Amino acid sequence: MSDDQTPSYPREMWWVVALKDEVSRTFTTRWILDRPILLYRRSDGSPVAMDNRCVHRSFPLSESWLEGDNVVCGYHGFTYEPGGRCIRVPSGETPPPDARVQSYPVVESGPFVWIWTGDPDAADPALIPDTSTMTGDGWSMISGYYEIDANYLDLHENLLDLTHFSYLHAGNLGTDAWASVPVRIELMDNMIQTQRLLENHEPPALYARTMGLTNHRVDRHSIASVPTPAIHMALGRLVDLEPEGDRTDYNLYVIHAITPANEEQLHQFWVISRDYAVGDPTVGDELSKGTLQAFQEDVDALSAISDMRRRDGRTDYRQVSTTSDKAGHQLRRLVGRLVRNEQRHSPVGSRP
Amino acid sequence: MSDDQTPSYPREMWWVVALKDEVSRTFTTRWILDRPILLYRRSDGSPVAMDNRCVHRSFPLSESWLEGDNVVCGYHGFTYEPGGRCIRVPSGETPPPDARVQSYPVVESGPFVWIWTGDPDAADPALIPDTSTMTGDGWSMISGYYEIDANYLDLHENLLDLTHFSYLHAGNLGTDAWASVPVRIELMDNMIQTQRLLENHEPPALYARTMGLTNHRVDRHSIASVPTPAIHMALGRLVDLEPEGDRTDYNLYVIHAITPANEEQLHQFWVISRDYAVGDPTVGDELSKGTLQAFQEDVDALSAISDMRRRDGRTDYRQVSTTSDKAGHQLRRLVGRLVRNEQRHSPVGSRP
Amino acid sequence: MSDDQTPSYPREMWWVVALKDEVSRTFTTRWILDRPILLYRRSDGSPVAMDNRCVHRSFPLSESWLEGDNVVCGYHGFTYEPGGRCIRVPSGETPPPDARVQSYPVVESGPFVWIWTGDPDAADPALIPDTSTMTGDGWSMISGYYEIDANYLDLHENLLDLTHFSYLHAGNLGTDAWASVPVRIELMDNMIQTQRLLENHEPPALYARTMGLTNHRVDRHSIASVPTPAIHMALGRLVDLEPEGDRTDYNLYVIHAITPANEEQLHQFWVISRDYAVGDPTVGDELSKGTLQAFQEDVDALSAISDMRRRDGRTDYRQVSTTSDKAGHQLRRLVGRLVRNEQRHSPVGSRP
């Protein structure tokens, strides 16, 4: 993204940078919002996030090593404490006061590691969406990660228009009737929420299999919310209309943390928790397998779309939308307001 | 190609998009003049050409399937009839009136499938150059396809300056003397024609082999014409000066349909028909093998030239031309006139 | 590099284009200062350097052949004498007077082949830095070549700040103490010279091994000079403080010829001569092996840095420097003056 382009993402907010178990005493790196991020844990287990770029000659700090909780640059030995301040230079002189890399406020919450990419003084952990249910008692979790060649809003749009289940995911998540279920959209306090209900119908193949509901009739509920542009949180509930035992409800929480790497690439951290077959590894494996198949279909579709837009010579090409696109449109408008607001309140060239 | 650049190709004309046998009930796709084209046949066998880009979210329609003669988008199920009009959207509501992808007038003629890339109302099949001889009685045809990293005019220029036979194709199409044969150039009604005659000479290796003329003396005629920027049509005739039987004439029609993919890539559809050894597969194979070798030499040369121009820091580098470049220069002037003419008559931003 | 950007390199000087033994009767090619260069030897052994781009249709001359000492273009047969003048065109007519490719003054000196990339009339061989010691009696030489994805000044900077030995090359060239040795910098007549002395210390691993000084204490001298932006010349001397025989001094000349391919790629031609174990192939192999390991560490570091700068969205990122960067800064200032001087004295657009 060059300096004179408006970014598609706000910076004054929390973004997911990793799944919790990706961060350890070994370095992890990730490009987030056009910046290189270095992640590791102090010896006490607490996470650290700083620029993965030595302030001296731009060497990636990840190509180096920890000395206690400090990072030693592998090129000339510049050494940084976890807050980003340089505490040693090779000549042995006192490090200059501007010798510091940017460090980022970092919080572990739910299954994720979050960083605040804006003004550090404004980093309020209370702004982080609550995802603690995912890792709570009575739930079993699976998770995964994708890097996708698409703008992050394209994945949001994909998830907010579930009519694609019936086509792109016909073999696992979708049924024919799902596409025409009416959607109720609410916009409250910068949060988008959608609701769908398909009554007295066959369940989608993957869920039927893992819930033991093949050939049963079900009511299918789907509630999704986007509390910040960083995350899509969905609840899928199937109510068994022909129960054979006591159980009638089957719930799946599906969370997608979506973080821009840059304008043309995104990170997708996904987590699914279920309240049935808890702790049953066979069901976990079956659900993982089907989920990976469906999400790979999304990855491929979004990449193909990016490629199409890049190559087509019609730079003024106008897409056509229908009612199922309303929630996606509202999110784009909301994000546009957030970005313009940041640009108004930030002096030119002063972005941290 | 960005909006403010003059393209090197006219749009108000017929271009070859495929060899006939490339189009079937399975989708074929090709980028033509910076646009994605989807090709298939209706159940009655007639060809269809439309944009390979769903008007909803830009998904490539080729990643989907046919429902009868209609195309169902694999992302959200938008469905298009062969004329490009959307007849179904996932929510089940009436498709909006602007929900249509561009379809292209398409004609099968000679060995090729042609599409009209300009204003559909001006698409007159009578403007398609006649290539019916290639598939006629008494002729045997071979054909092939290349995608080349070069502007399409570079391949035209290559074909109009046959002195390269003696060097680039010394082992198969050229002889030493061929380079210095004088060329007669005629420009009639926007058509360029060149003629060469080399009298009483040895035949080039590939032709001698397939005609059985090794060690014979021959007169070699070459007549080439470029009736539109879409096609180069050549007749090669060898007259045997030492005939052992009745036959003295051996004719080869060589046609290159040349279509820009964009400013830096072209499609080459080539067809060769011979009036000797008709139906003899051994001669067909021999001719194919030698032809593929020669054409690969052209592919490699044009790619190397593109690479050279891209990398050289001298953006004002001026090439030097000689008499053998005259026909190529005339074609470039002619095409320049056609393009400027189109731009004058097309309102800004209204290119279809 | 586009026309409106100031290059980072001067053009009115000698640059190394190859190691001597890379140039033969077979073509060698190399991009130098954004131009394609063709290298070969006349039948009398003298080297030739000319543009590797046929002036007719930009075909690379390297894809062709020699006819005596002349180059025949493999596309249409344009033929050039070693001075770059075209002496034959395919049609047989007299070549036009502007049919010439640029040829470059070329000199073999020391282990290198040098070309003058500026105004040929100003090409004075006396300006070539003397590297004859490298190939002299009493010295054994090893050499090699790298192409690196970095601006050529980044490699100069790497070599002028030897504190990186202690970190990037800790396993072969560096010791812990080396990083904090004070450096004396002198700037004389456009030449930068640095001196370091580490007294009474352990020798670095690679040198200790090849000199037989493991566990000895040594004084380590390092003198480096950059007589022109084309070359970094260093002398490393170890003085054995615990000699077991007569020999106390061990000398290594290390020369890096550094030539920009373009703004983002460089050629590194390296040569190391030693005055000990002269003619001993075992020591030569050991020294080669360790040197290749160390230099590969530099190649990887410089590429990683280039990649970091390219991807980071902060186009106004400011690096921080310390005392060890002074020599590098001085070289950048000196080169900046040379480039601005050239631009002032060269009419716009007239760069040869």
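For reference, chains read A, B and C in written order, and residue numbers begin at 1 within each chain.
Please note the rule applied: a contact is a pair of C-beta atoms (placed from the backbone, for glycine too) under 8 Å apart; a residue touches a chain by one contact, two chains touch by 3 or more.
Predicted model only: the values in this text are computed from it and were never measured.
Engineer: Validating interface symmetry: for the copies chain A and chain C, is the fraction of residue numbers used by both over half? Same or different.
Structural biologist: Looking at both copies, the contact residues mostly diverge.
Engineer: How far, in degrees, do you have to turn chain B to put its CA atoms on top of chain C, rounded to the nearest 5?
Structural biologist: It is a rotation of 120 degrees, to the nearest 5.
Engineer: In angstrom, rounded to a whole number, how far apart do the mean CA points of chain A and chain C lie?
Structural biologist: 47
Engineer: Check each residue of chain B and list the ones that touch at least two other chains.
Structural biologist: As it turns out, chain B has no residue touching two or more other chains.
Engineer: Mind pulling up the chain B residues that touch chain A in the complex?
Structural biologist: Listed in rising order, the residues are 1-3, 31, 33-36, 53, 55-60, 63, 72-77, 86, 89-93, 95-96, 98-99, 262, 349, 351.
Engineer: State the interface residues of chain C toward chain A in the complex, per the touch definition above.
Structural biologist: Listed in rising order, the residues of chain C that touch chain A are 157, 161, 163-164, 166-168, 179-180, 182, 301, 304-305, 308-309, 311-324.
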